[in-house]
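Note that chain A is present in both complexes that follow, paired respectively with chain B and with chain C.
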Partner chain A sequence: MGRAARSSAPAGRARRTGAWALLARNHLAVAGLGVVTFVCLVALAAPLLPLADPNATAPADRLLRPGEGGHLLGTDALGRDLLSRLVWGARVSIAVGLSATLIAAAVGSLIGLVAGYAGGRVDNWLMRGIDMVMAFPYILLALAIVAVLGPGLLNALYAIAIVNVPFFARNIRGITLGLARREFVDAARLSGKSHPRILLTEVLPNVLPVIVITMSTTVGWMILETAGLSFLGLGAQPPQSDLGSMLGEGRRVLFTHPHVSVVPGLAILVLVMGINLLGDGIRDVLDPRLKSGALSRPVARTAVRRTAVPERQDHPGAVLELQGMETEFHVGGQVYRAVGGVDLHLAPGECVGLVGESGSGKSVTAMSVMGLVPTPPGRIAGGAAWLDGSDLFALSDEEIRQRRGRDVAHVFQDPLGTLHPLHTVGAQLVEAIRAHRPMPRTEAEAAACDLLALVRIPNPAERMQAFPHELSGGMRQRVCIAMGLANDPSVLIADEPTTALDVTVQAQVLALMDRLRRERDSAILFITHDFGVVSAICDRVAVMYAGRIVETGPTDEILAAPAHPYTDRLIACVPVLGAPDRRLEAISGRPPVVNALPPGCAFADRCPRARDECRVGDIALVEQGGGRAVRCLFPMEREVADG
Partner chain B sequence: MGAYILKRLLAVIPVMFGLTLIVFLIMAMIPGDPATAILGSYATPENVERLNRQLGLDRSLPEQYLIWLGNLLQGDLGRSYSLNRPVLDEVTERFGATLILAGTSLVLCSILGLLAGVVSAVRQYGWTDKVVTFVVLIGISTPSFWLGLLLILLFAVQWRLFPASGMYAIYGGGDLPDLLHHLVLPAATLSVVATGVIARLTRTAMLEVLRQDYIRTARAKGLRESRVIWRHAFKAALVGVIPVIGIQAGFVMGGAVYIETVFQWPGIGSMLVTAISTRDLLLVQGGVLVVAAAYVLFNLCADVVQTLLDPRLR
Partner chain C sequence: MAEPLVRIDGVSRVFGGGHTLLRRPLPAVHAVQDVSLDVAPGETLGIVGESGCGKSTLARMLVGLDGPTRGAIRLGDTDLVAEGRRDPAALARRAQYVFQDPIASLNPRKTIRAILEAPLGFLCGLRGADREARLQELMAQVNLAPEFLDRYPHEFSGGQAQRIGIARALAPDPALVVLDEPVSALDVSVQAQVLNLLDELKARLGLTYLFISHDLSVVETVCDRVAVMYFGRVVEIGPVRDIFARPRHPYTRLLLDSVPVPGRKPGVTEDANTELPDPYDPPPGCAFRARCPLAVARCGTDRPELDAGPHPVACWEAPPPQ
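On to the complex of A and B.
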C-alpha cells in the first residue's frame, strides 16, 4: 500500500471494541463456544442426568444398535449403555485435557518468563533444554515417558503435559524478552521491587494474552493426544474409561458393529473442532496483528467503480492524460478520498513533477494509472486515464497487464523492498523483457546486460548474477530504473525514486534519469516531496494537497514565484538538494484526513492568508495564463519580472 | 554454501548428544529396580544380575551414561528380551517400513497442503477459500486413529478397494504395486492433519507475501498473474513454510504410532506400542532414539533446502 494510503488512515480512530464484542462478531467462534459450553455442561452435569450406569454390564443386551432396547446410542460388547459411557468418558477426556493444558501452561510459562526476564546465560541454558525436548517428534517423547512410568491415565496426562511445555516456554519467552527491556520494568526495578514480584505484577499481566492464545490453540491437541494414548491402551485402564479407550474397545468389533467406535470418535471430533474454532477466535481477538482484516490480499488490479465515463478533453500531443481521476479507500465503513479528481497530462520526453507531503495523494495518483493501488481497500471511483487515446480504466485485466511495463513502467521508492529478494537481478530483468517481447533466454540475457550497462552499472555481466541484497542502494535503484526501461515505455512513473538514497547517489540517479528521457523520449511522471529534486529534473510541476492539485505550471516560474501559499511553504522548506524528508515539518500542522475534508480550501487550517471566504464552497483551479493554474482565492502576488 | 552445510552438520552433533542424554534420563526415571523393569517381572535373578552389570547400575549416573553412550556408538542398543534378538536388528528392520509410510505421507501432505494454501490465499474470502478452510479445520480436529478406522470401514470393508491392514499381501504379494496398494489408506490417513497445518500456514504466508512491494513490482512489470503467484509469491512464501514442513515430519513420524497400530503396519510405531505393553524398555529406547535421530536429520535437510532457496540466509 502506498504511504499516502497508510498515513491517511487516522491512528486514533480504532474503536476500542471490547474483546467479547469482537469475539461475538466471529460467527464460527461463537459456534465453537456453543459446542464447547454444551459439551462441558453435559459432562459436568453427568451425575445429575438420568443416565444408565456407565459400568453396568448386561450380557443379554450386548452390542445393540442405536435405538434398540431403549439405548439411544446402543450398547457396547459388554452391554453397557453407550450414551452414558460417552458422557462419562467425555468428562474424563475433558478433565485430563484441561489438566494437561494447565500443567503445561504453568510450567512452560514459568520457564519462558524466567528465561526471557533473566536473559543471558540462564536464558541460553533453559532454551537449549527446550530445544532438545523439541528435537523429539512430539508423540514419541510422550510414548517414551509413558513407557517408563507405565500405562495409566495419570501418566498419560503427565506425558502429554511435558511434551507441550516447550510451546509455552518458547512463546512466552519471546514476549518476555521484549518486555524485560521496557521502561516500566526498569522503573519497577529501580523502585526496589524484587524480581519475582516484578515478574508477577509487571510482566505476567502483559504476557497473559499470549498464554491464553497458546492454551486455546493447544488444548485441542492435548485432548486428541490423550485420547490417542488411551486408544493405544496406554492411557485410561479399565474399568476407568475416556473417549479414547472407548474407541479402542470399539475397534475390536469394528467390522460387525461399527457404531461402537464411530460414536466416540465423532464425539472427539466435535469437541476438538469446537475448541479449535473458539481458539482461532480468541487468537484473532487477542493478536493485534490480525485485527481489522490487515491480512487482506490485494488483487492483480485496482477495482474500477465509476458511475460515469467523462467526455475526453484532448490535449494535443499528450501521451498520458489523467482527467478528473478519483481514487478511494474503503476501510471499516469509512471512505478516504485519497485522490479527489486530478487532471494531468504528459507529453513525450517531458518530465512532470507531482509534489506534495506524504498523505497528499501523489503516490496513490501515480499507482492508480495502471491499477496498482491495492484492492481491497482501494478503488477507482471516477475519471479517466487516457493512454494514447484509450481509456485505461475501461480496459480488460489482460489488456492492462500487456500495457504494464511495456507502455507505462514504474520505478518505486525503496529498491530493496521492490526487488524480489530470492531472484537474481539478471533473472528479474530478463523476466521484465520476456513478459512483453518473447525471445530466447540468451538473447534476453544479452539485452538485460545492455540495460545494466545503460544505467552505468559496472561489470554488468557479473552483476546479473547478484541478488538484490548484495548490491548497494544506488545500484539497486539503477537496476529498478533499468527494469523500468526494459521495454522502452512511453511513460515512466517514478515514485520517490531517490528518497532512499544518499545525496551524491541521488544526484547521479537524477542525472541518469534526465539523460535517459532525453535519449529515449519517454515521458516521466516524477513523484516527490522535495522541490530540490523537482528543480533538478522536472519541466513542469503539479503540487498536490489533500488529494487535489492546488497549483501547476512550469518549474522555473513556480520556483521563482509560487502562487499558492502551500507551494510557497514547500519551496521554503528546501535549502539543499536531497535533504532528508523531516524538513517538511517546517510547515506547521498536518494535512487533513481525507475521509472528512472541511468545506472550502483544504489548506485553510494551516494557511497564513486564510480568510472566512476560504472555508465555504468548492474552490476551483483557476488558469492564470502561461500554463499556470492555482486553486486559491487569494494567491500570492506575482513579482514583476524586471528582466 | 558448502561451508554453511558443513556448519549445520556440525551443529547437529550436540543435538544428537542431547537426544541421547534425554532418552537416558527418561530411562533413569524408571521407578524401582531398572533391571527388573527392563527384563519384566518374570526375569530370572541371573538375568537381572547380568543386566545390572551390563548396564553398570552400580556406578554413578554420569558414568552409566558414558558406558551406555559408548555401547550406543558401537551400535549396541542392547537385546530385546521379548523378541530375544538385538534391538538394533529389530529397529532397523522396522524403520524401513515407517520411513516408507511417513515419507509418502510427508510428500502427500506437502503437495496437498501447499496447493490448498495457495489456492485458498489467492481466492481469499471466496467459496474455494471457505471450503478449504473448513475442510482444513475438520482435518486438524479429527483423531487420526478414528479416521483410519472409518477409512477401513468404507474402503476396505464396504467397497473392498484397498486392503485393511499390513504392508504386503500374505499370498503372492511383495512387489511394488502390492506395496502401494497397501500404502494408500494408511498414508492418506497419516497425512490429513499435517496437510491441514501446512495449508493453514501456507495461506497465511501467501497473504503476507502478496502484500509485499516486490509483488507490486512484479505486477507493474506486466507479468501474468499465474507467474506473479507461483514464481514470485509462492517462492517467497515457501521459504517460510519449509521449516514448518520440517516440524510436520516429526508429527507425521509420531502420528505413525497410531496409524501403524490401526493398519497393522510393521513399522517402529506399532513396535513401540507392543514394546510398551510388554515392558520391553530397551526396545522402546532403541525405537525412540532412531526415530528422533531421523527427525533431526530431516530438519537438517529442511534447513539446507531453505538456505538454497533464500540467498539472504547464506
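On to the complex of A and C.
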C-alpha cells in the first residue's frame, strides 16, 4: 500500500482512545460483554440475593419441574433449588476458570519471555520441556494430574493451569523472539539496562497486548475444562455446586427429568459463548495485524468514483497516458489526497523517471494505473489512464484482470516479498506465462527458461528449480523483472527496483533494464528517489511533491538546470560522488500532509523564493518548450541555476 | 598518527561452528576475518562494503553488543572486550551506537523522555533536576523542541526519530560514536539535515566517529579515512580523498564505478555471471578473485595481506602507491 497513506495516518493518540469505540461497533462483542457482565454481577452478588441455601436438601421436593413449588428453575434429585445452585455454581466455575487463566498466563508468559529473550540453550531446554507437556492429550494430562494430586476443585484448577501453560509459553516466545532481536533492545543495553530490566521494562510492555489477547480467548476454554473435570467427578466435590458437577448430577435423570441437566448446560453454553464473543472482540481491537486493515479485506480492484471523464488529449505515439489522475484515501473521516491530478505519458521504449520523497504519491500513482491501490480506503477520484487508447478506469474488473501483467507489469522494491516463498521461481514464471497465454506446461517451461536467460541468470535450466530464498538479492530482482517481461508488456512499472540492492548489483540491474527496454520496446515508468539512478536510465523525469508533478522534462536538462526550486533543492541536498566539498543544503521543514494541503504552492512554506502570490489559488503546470514544464510562478532562470 | 582511541588488532568473528552431538562439524560463517584498524581521536573513519561484508558485525563488537571470536580491541588504554563483559555500563559510557532504522531503535511503548532518561539514570547516575537539565540540553543539541519529550516514537518522522537516537547516544557523553548507516533509512531531503547535525556535534563535542555506510558519496562527504571491506576483510584503507581519487584495489574501483552519479552515463561494470564467494566455504587465496579483472594464478592460492604505507591495499596486482 502507499507509503503516503501510512506516513500521513492520523496520530496514534486518537486511535488509542478509539479502542472502546471500536469494540462498541462490534455488535457480537457488545452482546458478549452484556452476557458476561450480567453473569459476573449475579455471581458476585450471590450472597446478597434472596436465594435458597444451595446445599439444603429436601427429599420431599425432589425433581420438581421449573416453576413448581416456588422453585423458579425447579429442583434436583436431592430437592436442592437449581437457581440457587446455578448462581453459586457459576461463581465457582468463573473463579476457577479465571484463576487458572491467570496462573497459566503468568507462568506460561514468563517461560515464553525468558526462552525467547535468552535464546540458545535456555530456549532449547525450556521449549523441550513445554513440548513434553504438549505431547499428551490435554484431558488425559489433566486427569493424570488430578489422579496424582487427588480430586478437588483446587487440584482441578492446578491441572487446568498446567495444561494451558504451553499455549501461553509458545505464543509469547514467538513474539519475544521477534522483539528481542530488535534494535531498541540493543539500544536499551547500551543505555545501561540489565537483562532482567530489559525483559520487564522494554519487552514485556510490547508483549502485554498479546498476553491479554491470549487470555481473553482462553478464559472460555478454561471454564469449559473446569466443567469437564467436575462433570467427571474430579473437580468440585459434593455438596459444592459448580456448573460441571451439576451437569454430571443431571445426567442420571436426563431422560426422566431433562431440566436438571439442561439448565446448567445452557448456562455453560451462554457463559462460554459470551466470553468467547467478547474475547474475539478484544482481540480484533488489540491485535495490531488486524488493526492495520486485515479485517477490512480490500476488494480486487481500486474503486473508481470520478464525476467526469476528461476529454482525451492525444499525445501522438504514447502508449500510456495519465490525465489528471487523482487518488484519495478515506480514513477516519479524513480525505488524504495522495495523488492530486497527475499528467504523464510514456512512449514505447521510453523510460520516464518519477522522482520524489516518501509520501509524495509516486508509488500511489504507479499503483493506481492498474487499480492496485487497496479499496477501502483508497479510491480513484478523477482523471483517466489511457492505455493504447482505451480508458483503464472504465474497464470491467475482468478486463482489467486480463490486462494486469499482460499489458502493464510491475516490478517492486522487495523481490523477496514479491516472490512466493514456497514455489520454485520456475513454477512462478510458468504460472505468470500461462495466466495470459494458455499453452502446454512444457512449452511454458521452455519460455520461462528463455526469460531467465534473457535477464542473464546463469544456468537458467537449473535455476528454474531454485526457491526464492536460495537466490541472492540481485538474482531475485532479475527473476521479478523476468516475470514482469513474461508476457511482453507494453509498459513496465518499476517501483524503486534497485533501492534494496548493493551498488554493484544495482548497476547490473540498471544496465539490464536499459538493454531490455531498447530490445523489446517496452516503456518503463521508473520510480526512484535517486537522481543518480535517474541519470543512468531515464530519458525524461517527472518530479513529484505532495501528490502533484511539479516539474517534468528531459533528464539531462533538468539535472543541469532545474526550474522548480524543489527540484533544485532536492538535487543540492544529496552528496555526489567526486564532489566531497559541495555543501549539503538541507531542505528545512517537512512536506505538507496530504489531508490538509495549503492553498497555492505546496512547497511555499519550505521555499526560499516564495512570495505572497505563491500561497493563493491553484498553480498550473506551465509548458516551457522543449518538453519541459514547471509548476511554479517564479521558476528559476538558467543563469541563476548555473551560478 | 597520535595515540589511537580505538585499536582493533586481528579481530575475527565466527558465527555458528562447533560440533553436533555426533562430532559432526556444524557450518560456520566467518563474518569478520583478521581485521586490524586504528581510529585516531577526533577523526571520522568510514567503513564501506556491500551487505554481508561484516561491517555491521565489526561495529557491534566496538560497543560490546557482540564479542570477537579472536583478537583484541582496545579503547584508550582499556581492553574493550573484557570491559564489555565485566561492566557493560562502563563501556557504554565511552562508546555509543546510532542505529540504522531510527523508528525501530525506539521502543514504541515508551515516551521520548523515558527513552532518554534511561542512559542518564543508569549510566550517569543523574537524578531529579540535574537529569532534567541534561535532558533539555540534549534536546537542544539535536535541535528538537523540548515539548517532544512527552510524545511517543510513532509520532515522529524518520529524521526526528534519528535525532532522538543521536541524543540518546550522546547522553553519557561518549568519546566514540559508532554510526551504523545512520541516514540510509531517511528521505534524501532529511539526510542532509542529519549529516550536517552530526558534523556540527562532532566539532562541538570533540567526538570520534566510526561511520558505517554502503553509500559511497555520503562516506566521501563525511569521512577523513575510509576502510573498504570485502568478505569480512579490510582490502583497502587510507585517506578518503586518496582512495576515491586513486583506488588501488580492483574491488574499490568496481564500487566507485557502480555508483550512479547524476550527469554521468554508467560505464560497463562487471559481468552479471560472476559468482559471489560462499561464506560457509571461503575460497583459498583472494576472495575477490572470481570477480577481479586483474586476477592472476597466484590470487587463487595465496591470500594477499595489506601492504605498508599511508594507503595500504590487500592485492597482489595493485598499482604501487603514488
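We take it that the second predicted complex is superposed on the first by the 467 of 643 C-alpha atoms of A that agree within 3 Å, B and C clash if a C-alpha of one lies under 4 Å from a C-alpha of the other, contacts with A are read in each partner's own complex, and residues count from 1 in each chain.
Methods note: a contact is a pair of C-beta atoms (placed from the backbone, for glycine too) under 8 Å apart; a residue touches a chain by one contact, two chains touch by 3 or more.
Worth saying up front: this structure is predicted, and the values here are computed from it rather than measured.
Chemist: Quick one: classify A:Arg615 as touching chain B (first), chain C (second), both or neither.
Modeler: neither
Chemist: May I ask you to name which of chain B and chain C touches more residues of chain A?
Modeler: Of the two chains, more chain A residues are contacted by B.
Chemist: For A:Leu254, using the defined touch cut-off, is the partner it touches chain B, chain C, both, or neither? Pick first, second, both or neither.
Modeler: Only chain B; A:Leu254 stays clear of chain C.
Chemist: Return first, second, both or neither, reflecting whether A:Arg441 touches chain B, chain C, both chains, or no partner chain.
Modeler: Neither partner.
Chemist: For A:Arg312 in the superposed arrangement: first (chain B), second (chain C), both or neither?
Modeler: A:Arg312: touches no partner chain.
Chemist: Using the touch definition from the top, list the residues of chain A that touch chain B in their complex.
Modeler: 1, 128, 131-133, 135-141, 143-151, 220, 224, 227-228, 231-234, 244, 247, 251, 254-255, 258, 261-262, 264-265, 268-269, 272-273, 275-277, 295-298, 300-301, 370, 372, 374, 397, 401-406, 409-410, 412, 414, 417-423, 431-432, 435-436, 467, 469-470, 480, 483, 486
Chemist: Which residues, counting only chain A, touch chain C once they are in their complex?
Modeler: That would be residues 7, 11-13, 182-184, 186-193, 202, 205-206, 357-358, 456, 458, 472-474, 478, 502-508, 510-512, 529-536, 556, 559-560, 569-571, 573-578, 580, 582, 584-588, 590 of chain A.
Chemist: Note which residues of chain B are touching chain A in the complex, please.
Modeler: Touching chain A: residues 15, 18-19, 21-23, 26-27, 29-31, 121-122, 124, 137-138, 140-147, 149-150, 152-153, 157, 204, 206-208, 210-225, 227-228, 231-232, 235-236, 239, 249-251, 253-255, 257-258, 261-262, 272-273, 275-277, 279, 281, 284-285, 288, 291-292, 295-296, 299, 309-312 of chain B.
Chemist: Note which residues of chain C are touching chain A in the complex, please.
Modeler: That would be residues 50-51, 60, 63, 65, 88-89, 92-93, 96-97, 99-101, 104-110, 118-119, 121-123, 152, 154-155, 157, 165, 168-169, 171-172, 187-193, 195-196, 214-218, 220-221, 240-241, 244, 254-266, 268-270, 272-273, 275-276 of chain C.
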